[in-house]
Amino acid sequence: MTETCHSQWQYNFAFLDENTKRMLRRALLKAVAIPGYQVPFGSREMPLPYGWGTGGIQLTASIIGQDDVLKVIDQGADDTTNAVNIRRFFARVTSVATTSSTAAASLIQSRHRIPETPLRPGQIMVFQVPEPEALRTLEASEVETRKLHAHQEYGLMHVKLYEDIARFGHIATSYDYPVMVNQRYLSSPSPIPKFDNPKLHMSPALLLFGAGREKRLYAIPPHTRVESLAFEDHPFTVQRWEQACALCGSHDSYLDEIITDDAGARMFVCSDTDYCQQQQESKA
Amino acid sequence: MKLLIDAQQLSKTFVLHQQDGLALPVLADVSLQVAAGECVALTGPSGAGKSTLLKALYANYLVGGGSIRIHHQGSWVDMTTARPHEIASVRRHTLGYVSQFLRVIPRVSALDIVAEPLLEWGYSMQEAQQQAGAWLARLNIGERLWQLPPATFSGGEQQRVNIARGMIAPRPILLLDEPTASLDAANRAVVVELMREARQRGAALVGIFHDEDTRTAVASRIFDVPLAPALCA
Amino acid sequence: MSQPVLSVSGLAKDYGNGQGCFDIDFELYEGEVLCIVGESGSGKSTLLSTLAGRLSADAGSVRFRDRAGSSHELTTLAEAERRRLARSEWGFVTQHARDGLRMNVSAGANVSERLMALGQRHYGQLRETAAQWLEKVEISRERLDDRPTAFSGGMQQRLQIARNLVTQPRLVFMDEPTGGLDVSVQARFLDLLRRLVHDTGIAVIMVTHDLGVTRLLAQRTLVMQQGRVVEAGLTDQILDDPQHPYSQLLVSSILQA
């Protein structure tokens, strides 16, 4: 690895030292072996504050290689502050190629979205996770939540969904919607919209999740069953829009609502900028 | 003659720990046998231990020595050594106790209080309540009171509710602690009649009857409870 | 004669400084209510927690017979199995509702939680079952979506009962369930409990220091002092003819009030 050292920066390849990367990789192997299980790891200080994706960055840093092509998105967009900063960071500390194309990327770090373009075998997605524990809002004690996972006691999660229906008439949880991974571990998919939940199921790509502040990582290996929780009479559904994307005309992508002036005029556009671009180009 | 109660050499001494362990002997070497169809009236001066004997037979008081065998569902159970669960079963199916005082259960109607023992015997709610109504009617408790909790009833009414509750299940043995104490003549006659009917169906009765007329009317035998020799005098 | 639901022998929990509970023996049958009475610090709650497996026993045996008739030794039971029993075959009603309820979710969710834990996934049925249980504990079904924080103390305790009994457990542990209630509210709670025990045949072990409660509900009583059972037997016998100096003191102190 030493040949990749960038002496002018005085940093190791991908910022982290090799021992830290080894620790992370070991934890990742365990996470892949036990899909959905949260593995503790020794989170390092990163040149970003907690909450800005330090968990995702550490995961990416531990697995990125020189041949990788990196894509970083934030809320689906490649050109937002968080995405731009993280992409630039890795370009500087690894010199790997970066891209905004989902199809061209071998490694995708994401905050809050899964790209619309279907992932393919061999790709790895890294998710930034603020709260890895799906049960946390209901059970404050880590000791207790770990027991609940150990004994697969997940009735509590349905308490939350029950409350949603009781209060709003439907399951109002619209992002970070809890899933059962491999019919064993209840997991948080990170704050992706529930629109993206079906993409987790039997995904051909490896999905890795890192929470820097909470010092936990977990994984959904390729072709793993991922089930969104629901009630028999209130099945899981995803968001649908009456509008099409104002830029590309797509009817089946996840749309963001954008206020365009002070009078409250609004437009709906794809949250996935790469996908929107492709759609526009294919029409042009 | 089918024996239902066989109590041998009972002794009972109350030890009052709060009064420096003061010992009050009440029963000493008392033996009593009662057969089906008999009605034994316990007699003796006040403090002689009539009530203590009755409560000992019910296992409400613990005896210091002796045995109390009760014929229960085809076999003998010694109440002095039986486990609580067995005693509960004996009380439910075999051994009834009628005291003067109703222990009021908040919010439960008179009808349900009387019906409860039959429910424990496995009667349906409808049948239990029907019989309970018949018993209350016979004991002159007006129908308008049936659905009320007896907490607000007069002493005599409460006593009659209690008699109905104590006697409604046809248990083979009935222990009666002054069942007619504060009843008027008419109601006393009803209770006397009920006790006679119990004897006729083969029940063994043991009772304390202060009222001599009642005693003569129902008792087949008098048992004079012997005074315990004062052990600590 | 039926088999006991719970058989306890030689049970001890030793905190090491003479505190705890020692040499506990008793059997409990279906439909029976057993009250554990005694002063504060006498080991009542320790005993209850040890029986319920919330504390590990230091000696002795607790055998529990489940609905299917199989017997479990609770002192050596694996935790997974213990938790399974705790959510299907047992209930636990605490003195303070906030320890036994989820105060931040609705009454309906509180009652449904155990059903959901057992795998029921039909919202409509869960809701209907919860509404029926609210009515059984004399809470209007209108209150289904209200949080327990909006309930009175007596209602909260009744909600705890519903939350526990909804899975039709065999055995319910109660720790001073009437402790914080007014006398009139208490009477309602006790009557309700009496009826539910009668109708469902559950066995109840209740820690209380109120002998009135004991007289009304319990066929059986254990009197505890300094971690030991000083007297055990039928409730009426213990209250009418207490043998042990401490039982006599307890009975004379409370009944004269």
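In this document, chain identifiers A, B and C correspond to the written order of the chains, with residue numbering beginning at 1 in each.
Operating definition for what follows: contacts are C-beta pairs under 8 Å (C-beta built on N, C-alpha and C of every residue); 3 or more make two chains touch, one makes a residue touch a chain.
Computed from a predicted structure; not experimentally measured.
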Shared chain contacts [subunit A and subunit B, defined touch]: C
Label of the chain whose CA centroid is most distant from the centroid of subunit A: B
Centre-most chain, if every chain is reduced to its averaged C-alpha atoms: C
Whole-Å separation of chain centres (CA-atom averages), subunit A against subunit B: 76
Centre-to-centre distance between subunit C and subunit A (centres being mean Cα positions), rounded to whole Å: 46
Inter-chain centre distance, subunit B versus subunit C - centres from mean C-alpha coordinates, in Å: 32
Touch list for subunit C against partner subunit A, complex: 79-80, 83-84, 87, 102, 105-106, 108-109, 112-118, 121-124, 126-127, 144-145
Complex contact set, residues of subunit B against subunit C: 14-18, 55, 59-62, 83-89, 103, 105-108, 119
In the complex with subunit B, residue positions of subunit C that touch it: 1, 4, 27, 29, 32, 187-188, 190-191, 194, 198, 215-216, 219-220, 232-234, 236-237, 240-241, 243-245, 248-249, 252
Subunit C contact footprint on subunit A (complex, rising order): 138, 147, 150-151, 153-156, 158-160, 162-163, 165-167, 230-234
